[in-house]
C-alpha cells in the first residue's frame, strides 16, 4: 500500500477519483521564492483538458485550480504546496447497466480483485482524471527546471502506421507542437494523423501511438546510481501514467539490431566542452545525464472504452456485453503530451534538487 | 543522492565497485523462517558469471557468497540479511593508458561530471559487476515468491535481426532456457544466434538484443495505484540495470499500430475464474496484476567496450583513441537473463509483501 | 526538504498554513472497507478546537472536514484518502506592527533563516493550526486500530507543579478524561489544575505541563528493528508536534536513578499467556511491543505567545518589544491531548499494517 | 518490515547480529572527495569498545573496520560506502541453559513473538553489538559536519543520584570528556560516579543515568517542517538505540513547571547577528535550528543483564530463574556516549545535505 507519492527531494502525493469531489496534489520540496499564481496552471491544464478539439473526447471540465497552501504573496514559501482541482461533473447517472460488468482494458476487474469492490461510476482512482493534478505539479516542476535552463517538450511521433519525421528532436519548440491539434510538429504528417483519428472515431474505434519527449539544457551529472538512475526514475514516472505500454531512450528497441561499432557515440570536444558526436544514447550514460538532449518515447495503447458493444462478463462471471456511453478520446496521444511532459519535468526537478545535496 | 536502495517492504541496498574489495547487499524485509544456505545462490550466480561459455567474456570470477547476517540455523530470521561477494581480481594493472580517456558508451564521463573524478580502474560503481549482489538478492526474492506459487523465467527473444518464435511464453521452463548457452528456448533459432554472436566476436564487435521475462502464478491484485503500479516499479528496476534502453509489456510498442477493437482483451469465465481470452495487456490492467502471466521485454544495447581502437577524447578534451584490452562479452544477453529475472523477482517480492498490508 | 510525510504503510502527507485557504491531508494506505463519514471526525476535532472552554484560547474555528477522495458509499476504497479543512478566519488584519519582529519562542526567526522570509500573518506552516488535519488523520488511524482491538487514551498528567495521581494508567477511559475541561482523570487534581490555569491566564502568562498517553490492546510483536522501533517512530511523531520538549516511556527519566534489580520487569505466565509482573518498561522491549500497555509522557512547554510586552528584535536586529494581541491558550495541555493521541494512533496504525508484511 | 535504514539524503542501512559473522553498514549519500581511511574509525570504535576500562564489560572485541566500497585512493567517491566489522568471538558455547528462557529487560520475548523464534545465542539483532557500525557511520557523518564547522560532543550528565554540574554545555571539549573513564567533564563528580559504578558492579547489579549531547556550529535553518523537524529526527535516531527511555531538549521536562514569561528566550542582536539571550529552547525553534547550541539529554536504563539469579519463565510459560554468565556493563553510560554522538551526527549530516536541496 501507500503508492501515491513520487519523488524524493521534490515529492508529489496525489489523491482523487474521477467521480469524487475533486483531485488534490501536495508538492513537498518546492524551493522558496518561485513566483506562482493560479493562472500559471491554465495553459498546461488546457492542453490536457477534454473537449479541446474535435479529435479528443467532448466531455467538458473546467479544471479550475485552487492553491490551498505553500504560496504567500505570489511566491512559493518552501513549505508544502497543495492544489485542489474540483471535479465538475458529478451528476448522478444511471450506472445500473455497467455496475457489475468489467470494462475490457480497464482496471475494473483488478481493482475489484485488490480491494474487494470498485467505484463503478467510472475509473475511480484508475481514471486518467487523476492526471489533472500531475499536470498541475508539472507546471511547478517546469518552473524549477527553468532556473537551471532546462526545457521539456513533448510531441506526437506516431499515430497508427503514420510516423512523423523529426530530424532534430532537440530543436522542436512548444509553438511548433501547439500549431496543430494532434500536437505533431511534422507539418506534413499532422493533417494525415488528424484524418486518421477522425476516421477511427467515425468507426466507433480508437487507435494507439507513440509520444516523443525531449529535454534540453540538462547539465551532465544528474541521476543517482545505481537504482535511481535517471532512466529508471523517468520510466517509473512514465509507466505510472495510464495506457503506457512501452518506454525507450535514444535508439531504444532499435539497439537490438545494432553492433557496438554502430551504436557507440564517440566523445568529441566542441567549443571547449566535451560532448558526443551523435546522440544514440539518448542523453544518459550509466543512467546519469551526459549533457546531451534527453530523448525518450512512450508507446500509448488505443483507448479501451469504445462506444460499441464489446463482450465481457459480470462480477459473477456471467457472459454479457458492454457498450460505453460516455464520450471518449478516439486517440489518447494529443492529451497524453502534457501528461508525459509533466512526469518528465517532475522526475527531473526531483533529480535537480537531489543533485544539490552532493554540493557541500 | 542516496540512490542505492530499491523497494519498500522488501528493500535491497547495495554497495561495491568493479575493482574494490567486494560487493555487498543488505536485504531488509525478508520474512522469517525461509530456508536459506549459501549454496542456494550458486546456480543463479553461475548463470550471471563471466566465462561461463564461449559467447561470454572469458574473465574468471569465483563469486563466492558469504551470508553476513539474517540467517540462523539455516533459516532467515526476519531481520536484515546481508551477503558479501568479494571481487577476485583486484590485481594492480597499468591503467595509465586509459586513466584520462573517456570510454565510448560508458559512464566514465558522466561520473566524472557528477563526482569530480572517476574510478579509472574499470566501471567502478557503474560496472555491471555490481549486479552480482542483485542476482543474489533475486535468489531470496524468488524463494519468497515461491511461497505464493510465483515463478519468474527469462530468456533471449532476439539477437540482432534473429527473433525467436515463442508461441506460448507462459509455458517456457527454466530447463528449456538453460538447454543452450545463449538461453533461447527456440531450439531452431538458438544455434543461429550462437553463430551470429561468434561471428561478431571474431569481428571484434558486439551486438544487442531483446530479453523476454515471463512471470507465472501472480494472483490478481498486486501493485499499488497510482505511482507504484507494477508496470512502473518493474520498469524502474529493469532500467536500473546497465545497458537497458527499452522496456515494454504485452503488445508493447506494437500498440501504436493497433485499434482498440484489436487490442482489448475480453473478459471470460474459465473454470469458475474470471480471466481474459487473450493477453495483449501483458498481465497488468491499471498497473495491477490481472492474474494472467506477466510478460515483458527489455532492449539491451551492444556492449560498448570493443577490443578495437575507437575515437574519443581525454579529460582535457584532446582527441585520442581508446582500445579496451579486457575480455568483454560480445553480446550481453545470455548473462542479462539472470539479472533481469532478479530485478523482476525483487520487484514482485516487494509487491507481494506490500499487498499483505491491506489485509486486516 | 520534503518533510511533510509521516509513516510507511499508513502514510500521511499534510499541507496548509494558519492563514491560508485551508489545511489538507492525504492519507495513503488506508485499508478498504472501513466505514467513514465526515461526522466521524467531529468529536476529536472538537477536542482540539480553540474556544472549547474557558481555559483555552477564545478564537472560534468551525473546523468542518470535507472528504475529497478515498471514500465511496460510506466506506474507504483503499486508495488515497484526502480531507480538507478550510480556515475560517482569513480576514485581512493589520500586521504592520509585528511584520518585522521575531516573536519569542516561535519559529519566525528560524523560518526566515531557512526560507528567506516568513508568513508574518501568523505562524504559517509552523502554527499549531496544521495539527487540525493530523487529528483528522488520527480518527482514521483509530478506526484501523480498533480492528485490532487497540485503544489510545491520553490525558493531562501534570500542570505546573500539580501532578495527577493515576495508579492504573491502563484503566483510564475516554469518558473519565472528558469529564472535565482540563482532561485530567484525577478528579481531585483537575479542579486545582483548572484554577491554576485560570490564575495564569489572569496574570497574562502561560504554563507548561505533561501529557500521558496510554495504548491498550497492542499484541506483542509490533515495531521494526533497528531504526523503526516503536519507541523511535512514536517519538518522531510526538516531537513533530509543536511545543513538545521531552518524551519518555515507562519509567522514563526516572531510570537514571534505578538499579537493574529495581528496574527489570520479570516475566510471568498469567492465564496461559506470558507477560511481565510490572510495566516499568512501558510496553516495549527492544523497541517491539511486549503486549503490555504502552505508556508514554510528553513535556509541553508553556505557550510562547503572551499578551504582555516581551523584548525582542526586528529582522534588522533593532531592539523592540512585541505584544501578541491574539487570544492564546494559557496552557496548551487540554488541546494537546487529541493531537498527541492522533500521532500515537497514526504511528501505531502504520506499524500494525507494516507488521502484516511478514505474515506470508 | 524493512526498518534497517535511517535518513534521507545521508542514509545508513545496517545488518548484523551479536553472534553472526559480522556487522555491516552501507552509507548512501556521502559527498565525494572526503578523505577517509580505515584508521579514522579507530578512535570512536575504541570509545564504544567493551573492555576499555574497569567500569565497562570485560569482553574483548577487536572491532577492525574494513571499507568494502565507496573509497578510492583515500577519498570518498560519492557512491555507496560500506564498512564491515567482523565479530571476533563466535565460539560455540553451551546455550542450552538459557535457550528457552526469556531474559528480563531484553527483547528475547518480543522477538520471539514477532518472528516466531529468536537467536538464543545472545541478543541477535537486538544486541547493542549492532551499534558498532552506527559508530563507524557516525565517524563519516562527523567528517561531513566538519565541513560546515559543526561539532558534536557528548558526556555523562548523571549516574544514579549523582548529577554533574555543567554550567556551559557548549564549552565542553572532547578532551575534557575523555579525561576520565566515566566520560563526565565535571572533574569533581567523575570520581564519585566511578566509585558508584564500581560499588554497583560489586553488588552484581547495574545502574542507569543520563547522557547530555551538545552540538555547536549549526547555522540557523536546518530541519524540515512539519514531520522531519530536527527534534523529531534526532529523537527517532536516539530512541532507536538500545536502553534509551527518554529524550529531552533544552529545558526538557522542566518546562512543565515553567511559566511562559520564564521559559521564553528573548531575541537579541549580538555582533550583528540575531540570537537569543538564553538557550532554554535547546537550539531549535519550530524544529529548525536557531543557530544556538543544540542541547539534548537521553535517559539510559540500567543494564538488564545481571550476574545474579532473576525470576523468569520459559517459552512454555514455566517458572524458572536465569543468571547471565556473560560479562556485562554495570553501567551503560560511558559506552553510550559515542553511540549517542553517532546518531546525532548521522541525523545532522542528513539534514545538512537535505538543506542543500532548497538552495537553487
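A, B, C and D label the chains in the order they appear, each numbered from 1.
The criterion applied here is as follows: contacts are C-beta pairs under 8 Å (C-beta built on N, C-alpha and C of every residue); 3 or more make two chains touch, one makes a residue touch a chain.
Please read these numbers as outputs of a predicted model, since none were measured by experiment.
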Contacts common to chain B and chain D (chain labels): A, C
Relative to chain B, chain with the most remote C-alpha centre: C
Angle of rotation relating chain A to chain C [CA atoms, steps of 5 degrees]: 180
C-D compared against A-D, more contacting pairs: C-D
Geometric centre distance via CA averages, chain C-chain A, whole Å: 39
Chain centre separation in whole Å, for chain D relative to chain A (CA means): 46
CA centroid of chain C to CA centroid of chain D, Å: 26
Chain B: positions in contact with at least two other chains: 1-5, 8-9, 14, 29, 31-32, 78-79, 114-115, 125, 225, 353-354, 357-358
Residues of chain B defined as touching chain D within the complex: 1-5, 7-11, 13-17, 20-24, 26, 28-29, 31-33, 66-70, 72, 77-82, 84, 114-117, 119, 124-125, 353
Parts of chain B lying in touch with chain C, wherever the complex brings them together: 8-9, 29, 31-32, 78-79, 144, 147-148, 225, 352-354, 356-360
Chain C to chain D touching residues, read off their complex: 1-6, 8, 14, 102, 104-107, 109-111, 113-115, 123, 125-126, 130, 158-161, 200, 205-210, 219-229, 231-240, 242, 244-269, 272-274, 276, 281-282, 284-291, 299-306, 308, 310-313, 317-319, 354-355, 357-358
